[in-house]
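Down below are the structures I want you to see.
Both of the next two complexes hold chain A, though its partner changes from chain B to chain C.
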Partner chain A sequence: MHASGALEAKDYKSDLKPIWCPGCGDFGVLSALYRALANIGRSPHEIAFVSGIGCSSRIPGYTTAYGFNSVHGRALPIAQGIKLANPDLLVLVAGGDGDGFSIGGGHVPHAIRRNIDITYIVMDNQIYGLTKGQLSPTSPRGTHTVTSPEGSLEDPVNPLLYVLGYGAHFVAQSTPADQIGLTAVIEEAIRFPGFAFVNVQSPCVTFGDPNQQLKAHKEGLKSLAKINYDPSHRVKAMALAQTYGKDLYTGVFYRNPNPPPTFDSLVRERQRHMAPQAMPREKILDTFLPH
Partner chain B sequence: MPERVLMEGSAAIVEAAVQAGCRFYAGYPITPSTEILELMSVRMPQVGGTCMNAESEIEAIGMVWGAAGCGVRSMIASTGQGISLMQESFAELANAQIPIVAVNMCRGQGDYFQATRGGGHGDYRFIVLAPSTAQEAADLTQLAFHLADKWRNPVMIMGDFLLSHTSEMVSFAAPALAELPPKEWAVTGAKGRRGITLSPLGPSEKLSTDVAAALANVTAKHSAIVSEEVRVEHGFLEDAELVVVAFGFPGRFVKYAVRLARERGLRVGYVRPISLWPFPRHAVASAAATARAVAVFELNAGQMIEDVQLSVLGRVPVVAIGGISHDHSGFGVGPLLNVEHILKRIGQVYSGKEDP
Partner chain C sequence: MSRDLLTGNAAAAWGARLAEVDYIPAYPITPQTEIIESLAQWVNSENLKARLVTMDSEHSMLTAAGAAAATGARVFTATSSQGLLYAIEMLYTVAGWRVPLVLVNVSRALAAPITLEPDHNDVLAARDSGWLQFHAETCQEVLDSVLMAYRLAEHSDVLLPAIVNLDGFYLSFTREPVEIPEVEAVREFLPAYRPEHARFSASHAMAQGVAVLGSSAYAFFKYQMQRAAEAALDLHDHVASEFCAQFGRCYGAVEAYRLDDADFVIVMVNSFSTVGKAAVDRLRIAGNKIGLLRLRLVRPFPQQEIAWLLNGRRAVAVIDQNVSIGKGGILFCEVASALAGSSPPPLLSYVGGLGGRRFHDEDFDLIMQALRAAEHEGARPEPHLLYSAAEYEKMRELLRVAHGSDPKAGT
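And then the complex of A and B:
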């Protein structure tokens, strides 16, 4: 902690040493996350950080926040339970493209349509790294892996289009190669009142495409901040999202200027509205009679 | 609230859960457990809780896992088919020592193995309680929340179609349960505490790499649960030559059949396991010690009979007198759940006309 009492990035760093491969993009996601959290200034004990299974799902353990290392693909349901049971917590969810768009893909639309106030960071590396290099839901068509030795036959999921299509109100993309930009979008996603999605192109140094590593990202990324892009239109964002897998646009794709109320706030409102109906206790029996 | 009210077993479970302090529920519709979800959608917000009509059983159990991890008493209900979908999370949250209460309103009694052995991976166990009446369902639901927190272990209430849908008189006296320590492990946002990662790999230490030590620590409590939490009802055992074992709602039918058998002069007694895990092994063994045979009535192809055999250890014959029995819908109970039929089967085993 700084002498002034302000929290610094290192206050969010745990004493557990990451076991990612040297050169993994996830290191850069972690350092950007430390900085974004310090900028926001919520204490680690006010943060719950949920993950599933995969290389990137180890990330909660490397922070001083409360953490849930859960099961493959189920981070979003667990995070929603946490936010609804303890709405004062800042709830973050992180995982990989497999966790988010293969095994857990069915949970994403429902977290989005409820607009629960959580931030979902996907470290998208287009490969299954933890299990040593199998096909992922975001692997480009034709990708050669140990489970597609002759090249994959299917198109990838487009995570940006996926969440935009289901109605997400905040959608951004970045890369650890741009630390300032990545920190900024994570911070903005956390501050957004509602479900916020950040797709981080986080290269796998061991099993990923050698031509799509951090150096290539640095040289090829196209910052939306520099092209006078207005992120307040969903359809324009969906058009831009079509570039996924071809161009690496970074920044906020879509931010609803008038987001609807969050599900968690509506639940509190419903509780206030229904609390008087719980009394007197003599009336409880009526609940169980047919109307 | 009146002293006693008429309500279905499902409603009794909901009301008991509310009174036990349950403030989070998530579920997915499935017969015959849907009423619990419907009633919870009314009762939870009334008492400041949250009820989620989830997108699937898989999402529901994830939400319950998250809420319970915050220290909030949380419940989920389903039917064996839906419980099947929750098994991965069941195994993991048990190993992460997160206390939840899960209700299984089975179709028939085919989910005994699922409840007591579990369909998930690893060495976890659920404490399983099998009520036979709406009143007992209410009492055991209150107890279930207490046991879950006491042991930091999931507890399952195992009922069936009849328990769920039969209306009976129920009262809700506050149970005399010991006070429990605060949940210092919970994700509550308490200042000054070290961040906790709720994970099977070391619930209080961040992502321990010593898997064996973490799992040994979690499972060490199993033997204490086995010695402290057995619950069982029995009757007419003093001079019983035949002991009938049955659980849940059909246990009531067996009790009645045994009483009729006694009126006809047959020396028959019964044992009704209330806790299916831990199984009342000693009660069954001592009842069998003075009997000629043990009969097991259950509405499945023979599941609890294995626990009875493990208790009796071959000292007397153990005979199955139940069987798979459903109504035309497949949800309810079938023709085998009939006192006259049970009595006939008891008579056959008693007279030695049926050998194992």
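And then the complex of A and C:
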């Protein structure tokens, strides 16, 4: 902690040393996350960080927040359980493309439509890294892996279009090659009231495409901030999201300018309305169990 | 016939290749993934004329496997641990469809806490699902059991799917010499799958997987499955003797190791039985008349044979590599029930090998002492949890580190 009492990036860093491969994109996600959390300034004990299973899902252990390295594909339901029971906690969810768009893909639409105030960061490397390089749901068609030696035949999931299509109100993409931009979108996603999604193109240095590593990202990324893009239109964002897998646009694709109420605020609102009309407990007891 | 040094995973893949399977839905999970990778390579190189599809989860994988088998295809798939549990809903469903596909499970202990090394709570969670279960000790037995599993499962009196289980890491990644049969010889033992009861064929549309409303119909179909599994028990020895005649390797539903004159018996399963057999040899040198009973066919459960082999001994210890929390060893309960109705020997229950915990000489020495004591004093059904003082001390140290300066740590 700084002498002024302000939290610094290192205050969110645990004493566990990451065991990712040297050169893994996830290191850059972690450092951007530390900085974003420091900018927000909530204490580690006010933050819960949930993940599923996979290389990227190790990330909660590398922070000083409450951590939950859970079950493959189940990070979102676990995060919802934590957030609904502890509405004041800042709840972050992280995981890979396999966790989020394959085995756990069915949870994403429901987290979105419930609009629970959580931030979902997917570290999208287009491969199953932890099990050593099999086809993942975001592997481009034709990807050669140990389970697709002749190249895959299926089209990949487009995570950006997926969440936009289901109605997410904050959708961004970035890469660890752009630390400033990645820190900014993570911070903005956390501050956004409601379900927020950040797709981080986080290259797998061991099993990923050698031509799509951080150096290529740095040279090829197209910052939305520099092209006068207006992120307040869902349909425009969906058109832009079609570039997934071809161009690496970074920044906020869509931010609803009038964020709808979160699930928690709707619950509180309903309780406020219903409470005055509710029959007092004593009266109910007297009705059914008179003295 | 050729010989090679194969891992347990490669042996499983060879079993599927020699069975000339048609369809392989796949999903990666450690420590199973090498199986589907090997098969993917062979499909690619046309050494195996099958279709392999990587699915989006184990649940989808088992669903696709069962559905493909219901069209009349010979289907193979493989998973492990959490994957098997995620597919449990479909294990029951597919068994009810009466489609005889084969699944290799590479045992790995279950979360939480999440870990990688083996125990058998994963495969035993599927115990009641209607799948036959073969538990293999060696890489050779993995390959052979896949072939025998297809043969038994596809028998018209059985028609139940089968799981072949091997231990993750200890067998999945251990190379052993394996005889790989010629495909022509395998075809003689295992002819092509030609189902009459569940298939898609021209001009013969049939409804499958229909709902039954009314308990009598439901009970009828479940009883049919029980009867089919009972038939599988009788048929196993027939299949095994044909396998023995064809390939020269003979397997029983159980394996009796140095049991002939044994006063005391330990009961084990899968690859850790090898450690148990070494312990039996060592204890015999020290003058103990002890043997080992290895359970190989766990479903259907060969209870008569087990009772015949265990009754009359001075004491028996079942070593479970699983724990039914609140009861103890699952196989202890199974063995005890097999002995019910007779005058069983004192029966001791040990739980060990959880999460791949190794067995040490001291564990078997302790069990030997307890067997000798039980001969005179009888046995209580509570499980003994194998854990050494050194392990406990090391664990306390880890807890102290994990809790930092918390004064209550490690107590």
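The rule is short, and it goes like this: the second predicted complex is superposed on the first by the 270 of 291 C-alpha atoms of A that agree within 3 Å, B and C clash if a C-alpha of one lies under 4 Å from a C-alpha of the other, contacts with A are read in each partner's own complex, and residues count from 1 in each chain.
Here, a contact is a pair of C-beta atoms (placed from the backbone, for glycine too) under 8 Å apart; a residue touches a chain by one contact, two chains touch by 3 or more.
Small disclaimer: the values here were computed from a predicted structure and weren't measured.
By the touch criterion stated above, A:35 is placed in contact with neither chain B nor chain C.
By the touch criterion defined above, A:128 reaches chain C but does not reach chain B.
When both complexes are overlaid on chain A, the residue A:169 reaches neither chain B nor chain C. Once chain A of one complex is fitted onto chain A of the other, the partner contacts of A:69 extend to both chain B and chain C.
Counted by residues of chain A touched, the larger count belongs to B, out of chain B and chain C. Of the two partner chains, chain B is the only one that A:44 touches; chain C does not reach it.
By the touch criterion stated above, A:16 is placed in contact with chain B alone, chain C being left untouched. Chain A uses residues 69, 71 to touch chain B in one structure and chain C in the other. Residue ranges of chain A in contact with chain C, taken from their complex: 53, 69, 71-73, 102-103, 105, 128, 130-132, 134-135, 137, 146-150, 152.
Residues 1-2, 5, 7-8, 11, 15, 23-24, 26, 39, 42-43, 45-50, 52, 54-56, 58-70, 72, 74, 88-89, 92, 187-199, 201, 206-207 of chain B are the ones that touch chain A when the two sit in their complex.
Interface of chain A with chain B (complex): residues 14, 16, 43-46, 48, 50, 58, 60-61, 63-71, 74, 76-86, 88-89, 106-107, 109-110, 267, 270-271, 273-275, 277-278, 281-282, 284-285, 287-288. Chain C contributes residues 26-30, 33, 36-37, 40-41, 44-45, 52, 54, 56-58, 82, 86, 111, 114 to its touches with chain A in the complex.
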